[in-house]
Amino acid sequence: MSFRYEVRLSGEGGQGLVLAGKIFAEAAAIYDNLNATQSQSYGPEARGGASRSEVIISDEDIDYPKAVHIDLLLALTQESCDRYHHDLKADGVLIADKTMVSKLPEGPFKSYFLPIIETARDQVGKQLVANIVALGIIAGISKIVSENAMINAIEARVPKGTEELNRRAFLAGVEIAKKLA
Amino acid sequence: MSFRYEVRLSGEGGQGLVLAGKIFAEAAAIYDNLNATQSQSYGPEARGGASRSEVIISDEDIDYPKAVHIDLLLALTQESCDRYHHDLKADGVLIADKTMVSKLPEGPFKSYFLPIIETARDQVGKQLVANIVALGIIAGISKIVSENAMINAIEARVPKGTEELNRRAFLAGVEIAKKLA
Amino acid sequence: MAEKGKSNRVQVLSGNEACALGALAAGMRFYAGYPITPSSEVAEVLSLELPKVGGVFIQMEDEIASIGAIIGASLAGSKSMTATSGPGFSLMQENIGYASMAEVPIVIVNVMRGGPSTGLPTMPAQADIMQARWGTHGDHPVIALAPYSVREAFTLTVRAFNLAESFRTPVVLLMDEILGHVNEKVVLPLPQELEIVDRVRPQVSPQDYLPYAFTKNGVPPMVSFGEGYRYHVTGLAHDESGFPTNQPEKIERLLLRLNGKLEKNRENIVDFQVDDFDDAQVGVISYGSSARAARHAVRLAREAGIKAGLFRLKTIWPFADQEIEAHTKHLKAWIVPEMNLGQIAHEVEWVVGRSIPVHRINRIDGNPINPLEIMAKIKEIA
Amino acid sequence: MAEKGKSNRVQVLSGNEACALGALAAGMRFYAGYPITPSSEVAEVLSLELPKVGGVFIQMEDEIASIGAIIGASLAGSKSMTATSGPGFSLMQENIGYASMAEVPIVIVNVMRGGPSTGLPTMPAQADIMQARWGTHGDHPVIALAPYSVREAFTLTVRAFNLAESFRTPVVLLMDEILGHVNEKVVLPLPQELEIVDRVRPQVSPQDYLPYAFTKNGVPPMVSFGEGYRYHVTGLAHDESGFPTNQPEKIERLLLRLNGKLEKNRENIVDFQVDDFDDAQVGVISYGSSARAARHAVRLAREAGIKAGLFRLKTIWPFADQEIEAHTKHLKAWIVPEMNLGQIAHEVEWVVGRSIPVHRINRIDGNPINPLEIMAKIKEIA
Amino acid sequence: MNEKVAVAGKIEIRINEAWCKGCAICVEFCPQDVLVMENGVAQVCNLEACTACGLCELRCPDFAITVKKG
Amino acid sequence: MNEKVAVAGKIEIRINEAWCKGCAICVEFCPQDVLVMENGVAQVCNLEACTACGLCELRCPDFAITVKKG
Amino acid sequence: MFDYETYLRTSKMPLIWCAGCGDGIVLKAMLRAIHKLGLEKDKICMVSGIGCSSRLTGYVDFNTLHTTHGRAITFATGIKMARPELHVIVVTGDGDATAIGGNHYIHAARRNIDLTVILFNNNIYGMTGGQVSPTTPLGKFASTAPYGNFENSFNISGLALAAGASFVARSTVYHATQLEKYVEKAILKKGFSVVEVITQCPTTYGRRNREGTAVDMMLAQKENSIPVSRARTMSEEELEGKIVTGILVDTEKPECRSEYQKIIDRFSQPTGSVETKR
Amino acid sequence: MFDYETYLRTSKMPLIWCAGCGDGIVLKAMLRAIHKLGLEKDKICMVSGIGCSSRLTGYVDFNTLHTTHGRAITFATGIKMARPELHVIVVTGDGDATAIGGNHYIHAARRNIDLTVILFNNNIYGMTGGQVSPTTPLGKFASTAPYGNFENSFNISGLALAAGASFVARSTVYHATQLEKYVEKAILKKGFSVVEVITQCPTTYGRRNREGTAVDMMLAQKENSIPVSRARTMSEEELEGKIVTGILVDTEKPECRSEYQKIIDRFSQPTGSVETKR
């Protein structure tokens, strides 16, 4: 059977969500031979970076590149959590950052409060890589894209010299996901 | 019965044909209570002045303000004479300047070779008023607009201080026309 | 025929002159423009006349600056106008959209000449019809009027201001080179014969004022800068208070009101004139100078016993679709003479579906349409 | 499904990036532009890539300068392009008309955002459709294409250059914010898989060369400046030799050829794609990003057993009127979803007369059209 | 409004946390090291040293810090 | 072409009447009064005085007068 | 007592600008100057174009007009000509005023129309994500100058001067008090006046050019500034990369709107009624 | 031997200009300069805007381009950037270059792109019938300045200078030989160069301002001209109404297209083939 998997990464400008989305899509498309699209919403003009990044992954052609029914929502701020959880499928998954989100919304979906930013800052050593930690969690939970593909995609995208740091961030995320299973 | 009388004044930029046309139209409209329109064709952009000026006079509304069948054509250059005589009615009148036009075109219309520029220069004393001499001739031949109306219109339009000169030019034209009758 | 003798109110004026005088009569007190043939006389007359009535004339560095200045002046409380021709009209498009979006009443006169591009600077055309509707980006409201006589150049200029003020929208006056430059006998209406409309001022206090409020007729009241209301104007999508918004619901509400307000008030905007239509079998739809040839042709046809009628558009946009449809019933065919390749004919076809044929008479060579051409087509059809 | 593992040709690219790469693949070697959201990435990619292939990137002082520069560069022999969005597209209108009139091949990318005016800089729309046709003054020819996927952003950019060169005319590539910014898996065609067309050079000597000759297909051969032919180019109405003329016959001949050349070659220009149309009862006409929602909806409909079909416009102008008419026959109705207030729907109505209903689905709030909206309408009708 | 007020003697420093973007300009340009960054917003940590020179307020781009001398 | 040629010794002045617009610039700026206006076009009337200085040609806006010194 | 909030639309805040953006510091200086001059809020009309800096007009409680990119000065010209009693202040960026809007900038200067232009020069197009601007220094990087800017840049104050402005001054965000004084003088000047403010865009310019944080960029402003009096004694090479601050010109000359008033006063008809007869 | 007709499209003549218009005299000076430099006709591209002066391009046997009003410099920039081996000469009027086209004028100067601009300054819009221009002197009459021009006018050469031009010279139609020399130098200069020529429009300017015939206007040029060396010793009042002629600036600085070539040379891929992979 064919599938269409929709992920929304939400938060605020500067959190690297567009990059994370793009890496996710590249992992799926380039390394796992799936179809993938990634799109985003912007603040005023192009400046502030996006507050929302969506990835659709499918084994078929992806006609509509925007989320319709979200399978997985990442929320790195309270605002984005409040605003977007409505679009989650009933059997969807909400991943909220423990530091930034204080109140989880009600809903039929599964919700997790996870220490994403904290892990990046304290365990990996750089808050900036929270987006990659999140990717590890998403990879681990969704199982849509292989870990190898993700690692390859990450290493191809991040600045030279930071590959090791990012790989650690990703694996830290995968670990967090494993504990949930 | 209603009438529509079409006059085309043709020549080259600088001969004052637009002004002459406008005076003719004002004489008819303001002083003789007829309807009148005057229009012109230009050279490149607005600069050079018009080479062609048309006056339509009627006792009814004038729908179409451009000449369709010309009753009277004034030609102050050979070129304009050659170019426009085709639009003359069969019973129309062609008035060509003796100095500037050397060859009269063939046609069913009535043609006159008249010393317009010459009269302005030698008799009235200023070549510049050839357009007003022409108006006198046209008024005399067409009899569409009263001499009084023409004189009033001329005096209202020409630069202050030149009224007398222009009146003389007009009357000189009227005289020429009289001799034809 | 009335008796001979000088009348004090009879004048011989060109369409451009009458347009300038109409603007003054409408209360226009700010003109900014950039010269271009065949519109320049509008500016020339106003440079002379405006200071006499305490108004302001300024020649700007280009057309973009000109329309910017008139939008500013209108917001500052002056009825404002610019005049141009095709190339300048193209340059104004971005700011025409701004005036639509920010709902600033202005009048833009486009004395049409032959295009595209520099084209035929001293020859007439009517080929900016669709541009007047669609020249700027995005869906937007616009009103366009087309006078056909020197007198109408005056009266429709007055009307252009009235509509701009009534509906807070840019109004385009589509003249053409023939009308702009023809000198014609005219008796202009007296000031007391003219209806002059001013923008509706708010009835509320500054604190409660919403410059983009949703009102019954779709048009928010408007107050000028410097009168104590201190609001914000932007070309960004905005809410009722005038401040930018990214919220889809607010955006949609704004844009539906904006694009709907003219349709909502169409009976006050759409204007046309029919001649000889009662028993007409062949209808001619025309506008501007071409309608003069059309009217001449219809007269010739009637003289020849042919039942022809003229439907003359005075309002070009919004389009008189309902009115045309209503007049289509007993017709064999429409004829649409225009100095372009069929811009209005296309809309007429859209209106009539395929119920009756729509014949085009187009001229694009710099000459006006000749009444005899139209007459020939009427004969052919009748 | 193919097996997993890295493929060397698979990439994830945005529409803007693919457009830039398509232009390079088409042989574009001169880009001039002025930044504007959501098109700026086209410029950014090209500023990096052009020098690598010996091409030139220049950021001009505004959009008017940008289009001026690309027209100049094209005349000098470089395939040239600019990219912009609504406000910049409005500013370019005068010179788009110039390129039409002087028959200079150029490509203008308009990545559409919400309008009118500054509107919604970071949100998608498809509301510059009519502007692409009518934005400049005067009757004029123009080609507009609308890609719907990242891959098509590449291939239709190549096609845009091919058409521009084939027909000596400006070509507008109408993208939108969604397509411009979506990152999508794509395998681009290899250079050897692409057909690249260059302008037809004259077969005659410089003395005999007529830069605006009347040829069989309506398109005169073109030679670049500096190659020994020394001719004159003007935006004024001109004769075959390219020099200004005021003669009505010559003007008419020029303008009829100019405005007719695309219609004459329409089968080489008009392009579309139909899906599931064989037995379709409900037809959906769409284009650009909206067509992705439409395709999704048609799939959903087919899954639900409804006989829906998609007619996707790849060429917007000249309009696929004959093709749409041919596909109207067995339909109950058309549905036209688009991110504007019905600009293409109006044209579809013009095509079908009143033979079948044309339902509009419009969205103007900055959100893309949702496939479910379209699906609901299909259900309602079927 | 999420405002923090620090008062010492006649000097009152208010920090509007909802407006503060944590640029640290106030912190760096305070000649007396009165301010610090904490959790991404400016905080008063050494009010006693404050001379009410107003430089922090002068250069805060976000109207987030105000200094009053009663 | 409607050209008038005046030759005296080695000096040759050509006036292209089809191009001459009668602006009289050549006439006024000729230091030797060689030229005059006649019937709206420039004419050579005093060729003997001509020094072939070329000033008439230099300033004729219409390429209507040329001076050659064999 | 002076309170910024009197002049702010606080309900629209926080400001849209990035953390550390210098624009807010300019805004503050402007408000202090306006307060000092005691101008009535209703008599101020603030006009901006498009850009980060141009978003300023949304936050101030005056008559505010956010126009199209590059055209603020044209709108402002219309306002001033139509209603000379208003203080018309233009807020614009380096791209807005000198790239797309360069023509209006020099023409307003030529006319010497009584506008006050506060020109936020951050050497970049901030709003659209960091493209090269006419004031980006040679060799600096931008999203459309990936190999370093190869074009010479404008001296935009010098341009205003050559075009005919009455008052031209340059300051920086770091010199916030000096800036305030110049704004005050500029508003007072009857004629076209420009205050060019060097301001930092840490987001799209600082980062790409490794100029550090907002604070680092402000410290660089401090270090690189040379008062105009001293600059006059320095060679062109010495001035390379420096910011010449101070009042560059301050003259009196006929102002456009006042000159026009003379025409009105001389030729206006006593009745004030319109003559539609020519 | 030199013959103007080698460079003319004689079949298009007589020239469209009015009797006594100075534009033809400038054209002649240009052709003499081009001849002297021995430039190949095929290697010259002459670009004009819209205006009387801009009609020039129709008469010369080069690659000629008559563009839109004010935009000649933008088209020329594209040509030069795309094909640097061409000599690109721009023919433009005061309105074309400094009213509607003012922005392109200053930006081309800023970039210092290797164009030669011959700017026909007749202080009026000739083509459209005599409207006021940015160079119409204060108080002079025009069809849109019936009460006398109330706006200050540009020093357009000074503007080019402030914007960054490499070579700027001013001459008049009367000084036809000097003019020729400046055109020659301007073409030779690698960089943005302007020759501003004061030329007479007897039809729309001279008549309205009672400046007499074309000859009278040329004599006035002669009388009012002051060589730049002497002008430097004169006060502003003394210079009122004078035409400062001479070479106003002549420097060497990096030229836009050449600087870009350096980037190409450094970064272009040896294969020359296009990489569509990012």
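For clarity, chains are labelled A, B, C, D, E, F, G and H in written order, and residue numbers in each chain start from 1.
The rule is simple: contacts are C-beta pairs under 8 Å (C-beta built on N, C-alpha and C of every residue); 3 or more make two chains touch, one makes a residue touch a chain.
The structure displayed is predicted, hence computed values, not measured ones.
Enquirer: Treat each pair of touching chains as one step and give the shortest count from subunit E to subunit F.
Expert: The fewest steps needed to get from subunit E to subunit F is 3.
Enquirer: Report which of C-G and A-D is connected by more C-beta pairs in contact.
Expert: C-G
Enquirer: Please report how many Å separate the Cα centroid of subunit B from that of subunit G, as a whole number.
Expert: Taking the mean C-alpha position of each chain, the two centres sit 59 Å apart.
Enquirer: Can you work out the whole-Å distance between the CA centroids of subunit A and subunit G?
Expert: Centre-to-centre distance between subunit A and subunit G: 42 Å.
Enquirer: Please work out the Cα centroid separation of subunit C and subunit H, and write it as a whole number of Å.
Expert: Here subunit C and subunit H have centroids separated by 39 Å.
Enquirer: So the centre of each chain is just the mean of its C-alpha atoms; given that, what is the distance between subunit D and subunit H in Å?
Expert: 37
Enquirer: Identify all positions of subunit E at which a residue touches two or more other chains, and write them in rising order.
Expert: Touching at least two other chains: none.
Enquirer: Give me the residue numbers in subunit B that touch at least two other chains, ranges are fine.
Expert: Within subunit B, residues 44-46 contact more than one other chain.
Enquirer: Provide the list of subunit H residues touching at least two other chains, using ranges where the numbers run on.
Expert: 18, 68, 99-100, 102-103, 107, 127-129, 134, 147, 260, 263, 266-267
Enquirer: What residues on subunit H touch subunit C, complex-wise?
Expert: Its residues touching subunit C are 50, 68-70, 99-100, 102, 125, 127-129, 131-132, 134, 143-147.
Enquirer: State the interface residues of subunit H toward subunit F in the complex, per the touch definition above.
Expert: Listed in rising order, the residues of subunit H that touch subunit F are 4-5, 8, 13-15, 17-25, 27-28, 173-174, 176-177, 213-215, 218.
Enquirer: Please give the residue numbers of subunit F that touch subunit H in the complex, ascending.
Expert: Going by the criterion above, the answer is residues 18-19, 21-25, 28-29, 58-63.
Enquirer: Which of the residues in subunit C come into contact with subunit B in the complex?
Expert: 1-7, 10-12, 37-38, 40, 121-123, 178, 181-185, 289, 292-293, 295-296, 299, 368, 370-372
Enquirer: Which residues of subunit D touch subunit G in their complex?
Expert: 34-37, 40, 43-44, 47-48, 51, 57, 59, 61-63, 87, 117-118
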